[in-house]
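Naming follows writing order (A, B and C), and every chain is counted from residue 1.
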Amino acid sequence: MGRINGLAAAAAGILISMAPLLAHHAFTAEFDTKKPIKLRGTVAKVEMVNPHCWIYIDVKNDDGSTTQWMLEAGSPNVLVRRGFTKTSLPKGTEVIFEGFQAKDGMNRANGRDITFPDGKKLFIGSTGTEGPPEETKK
Amino acid sequence: MQATYCTAICVISLAALASPVKGQSRQAIPPSESNFFIGTPAGWLTPKTPWGDPDLQGIWPLNNVGITPLQRCFSRQRYPGAAPDKIAACDPHREFMSEEEFKTIKENASKMPDRFADAAREGEAGRAFVTGIVDAMTPQRQTSLIFDPPDGKLPDMTPEGKRLAAEMKSTWPLPGENLIFDSHHDFDLWDRCITRGMPVSMFPFRYNNGIQIVQSPGQVVIFLEMIHDARIVPLNDNTPISPEIKQYMGISRGHWEGNTLVVETTNFKPGASETNTAVIASPAGNRFPTSDQMKITEKFTRINDQFLIYEIKTEDLVVLTHSWTARFPLKLEPDYKLLEYSCQEDNRVVPDWISVSRAERSGKTGAGSVAPRR
Amino acid sequence: MRKSTGILIATIAFLFTLQAIAQTPARQGNPSAIPRMPGGKPNLNGLWQAMTTAYWDLENHSAQAGAVLELGAIGAIPAGTGVVEGGAIPYKPEALAKKKENFANRLKLDPEVKCYLPGVPRATYMPYPLQIVQSQNDVLIAYTYDSAARTVLVAKHREAELDTWMGTSNGKWEGDTFVVDVTGFNGRAWLDRAGNFATDSLHVVERYSMLDANTLNYEATIEDPAVFTRPWKISFPLYRHREKGARLFELKCVEFVEDLVYRDVDKKPTH
């Protein structure tokens, strides 16, 4: 291959490291990446706002009470341009969220994924009024 | 003494496109370094608006150069773990990759897993929402956005520049820095949803890179998606404006030099960082100051139906020991949907980060209830 | 003989004059004086500003004290004729109650206090200049307040894909009138400082037509079945700024409200 250009190395490195640097501020400063959390709840509301969308999920606690969590998501402009809207995560959908809690202990989190409880991916059209495809029906 | 960052061919090619052709057919301009390897077809003439100005209208998103480093051979020696051999191999005066190298870069980029594009393509809402999506980025053959100084690096700051930098705040730490947040003054103007400022608003970000140019007789507007800024450029208007009037986006005036739009901006209100870590190979920490003496000169030259060449020169005798100039191509994306980017209305950065900072310092975390909105 | 010829000529001249007067449009303003773009459409380009007190209150109102004691007369509200055709905004009873509640809590609730985007039509009658940039296709309107701006899509219309503060604007020409259809509002903006409001089912249709070279007539039909019993209309002129070198300046007011908005969060000065 010959000599490795510092640029190529930098470019490759940067594309990989772009993953956590999605906000206009540093992810790890706000969320505790050492303590991943997993939440199961239903989608209460999706706010398509800038700078971050917020997904509110109602999580049932062991004692029967409900706690609402707010999950930080990306900019709605980018999501809409890629075909996602607020109905992509319809109210009432039961989901599992995997991510990291805010370091101040509030019910605020950011993370990796939201899926159906059985781990199946949440695709557009797989929930809500269009009717879920067979394999995602519980 | 003008730093020459343009080869002779560059000067001739752009000059040929910049000057209006009077009635004769034009030869094709082949791809070369001077036009960023984007050729101009034979007979192509700059389209004109109905009132006779060159037509630059449309959406030219900045993510076209979103993975091109700001600085050439950006040293990783500031950060632990840098590999010295990788730095030594980089030639600071080489402005463009060879065809072979560029081919390799493009191949590597296409093989790079793009979780976001995959999530989008498959309609996977869950992952798309929480991990966020960035704009698509295209590899470019230029080794850096900066062409002057000739080594492709930002000029050094003056002692006053360094002093001002030390007073700046941001959520992005300098290496080894442990930031504390206790008031909105501990954040930068972008975190606070005030502005991204100049020149950085004209450089790529991870997302919302939309820029729309709209023209009317006597005016050009450069509308930025983020944070909803209409940069209004009156043409041939030399009405003096007092230096007492300062704005974050400055005050702009424009004129045509042949088919090139030249925009000069002064009257800056200092406060924004001149660089942003969102642009690869930028200095860490977003602590690059601007002063009210900053002057920015931009040039827009359309080279075919799809591309224009953009140049931006930043001068600031208070902060910079030398001016710096970036040049790069922008591509017309007629299907790019520019959407409203409201910011302050739902910005949680200030209260959330202060809450986290205080919890870390005191060791006390919240009761578990959702933090009150606004 | 000469005398009768003279009378004949005078009569013919008089009749021609009468005819000329009859042919001049009797309406306000002279359409032939309107600046036009190449292609013939009226040229709406320029720096414009409303001169009403609608930004305080769309409806008829007396002079009254302001909401902030320390501002004294500077914060006082001047009297003004409403810009609502028919006088009163046709609220549904429960919505009228909400409007009154808004007014009672306006310092806390009015989005303008916090430098939030003004929405449409409020942006049009704020007490600052606005700039219309009209190309051969799209029209961009830039506002002083909060650097608000919107592009009115003309060549290629688009549906609202996101609920926003300023809505999604699609424009077209009906003769010499520029008609803008605005939908996709998030329902969070107010209509003025008096607490008049709408929801996310708001639909606004604006009509811009030049009365003369320096006067633009603005009309907006406002419709929201969740709030109003029927659509209603506002109208007023926009006047061209003619000072030499007049231009749109920034009012990036977020910075000016931070001490207020972050009052409960910012560190208190130590004793």
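Just so it is clear, a residue touches a chain if its C-beta (ideal position, glycine included) is under 8 Å from a C-beta of that chain, and two chains touch if they have at least 3 such contacts.
Everything quoted here is computed from the prediction, not taken from an experiment.
*Asks:* By CA centroid distance, what chain is farthest from subunit C?
*Replies:* Greatest centre separation from subunit C goes to chain A.
*Asks:* Max contacts between which two chains?
*Replies:* Top-ranked chain pair by contact count is A-B.
*Asks:* Averaged over CA atoms, how far is the centre of subunit A from the centre of subunit C? Could you give it in whole Å?
*Replies:* 40
*Asks:* Just how far, in Å, is the C-alpha centre of subunit B from the one of subunit A?
*Replies:* Distance between chain centres, rounded to whole Å: 28 Å.
*Asks:* Would you kindly tell me how far, in whole Å, the mean C-alpha position of subunit C lies from that of subunit B?
*Replies:* 34
*Asks:* Listing for subunit B: what residues touch at least two other chains?
*Replies:* Within subunit B, the residues that touch at least two other chains are 193, 337, 339-340, 342-343, 345, 355.
*Asks:* If a residue has to touch 2 or more other chains to count, which residues of subunit C qualify?
*Replies:* Within subunit C, the residues that touch at least two other chains are 161-162.
*Asks:* Please set out, as single numbers or ranges, the residues of subunit A touching at least two other chains.
*Replies:* In subunit A, the residues touching two or more other chains are 76-77, 80.
*Asks:* Residue numbers of subunit B touching subunit A in their complex, please.
*Replies:* 67, 69, 72-74, 76, 83, 86-87, 89-90, 97, 101, 104-105, 108-109, 112, 115-116, 120, 122-135, 139, 143, 171-173, 179, 190-191, 193, 205-208, 225-226, 278, 280-281, 336-337, 339-343, 345-349, 352-353, 355-356, 358-360, 365-371
*Asks:* What does subunit A use to touch subunit B in their complex?
*Replies:* 1, 3-12, 14-16, 18-19, 21-26, 29-30, 47, 49-55, 67-84, 88-89, 95, 97, 99, 102-108, 110-115, 121-125
*Asks:* So in the complex, the part of subunit A that touches subunit C is made up of which residues?
*Replies:* 48, 76-77, 80, 85
*Asks:* Using the touch definition up top, name the residues of subunit C that touch subunit B in the complex.
*Replies:* Residues 37-39, 43, 45, 111, 114-117, 131, 133-140, 142, 147-151, 158, 161-162, 164-166, 188, 244-245, 247-250, 252, 254-255, 258, 261-262, 265-267.
*Asks:* Could you list, by residue number, the parts of subunit B that touch subunit C in their complex?
*Replies:* Subunit B residues touching subunit C: 49-51, 57, 182-185, 189, 192-195, 212, 214-219, 221, 223, 227-230, 232, 234, 237, 239-241, 245, 247-249, 251, 337-340, 342-345, 350-351, 354-355, 374.
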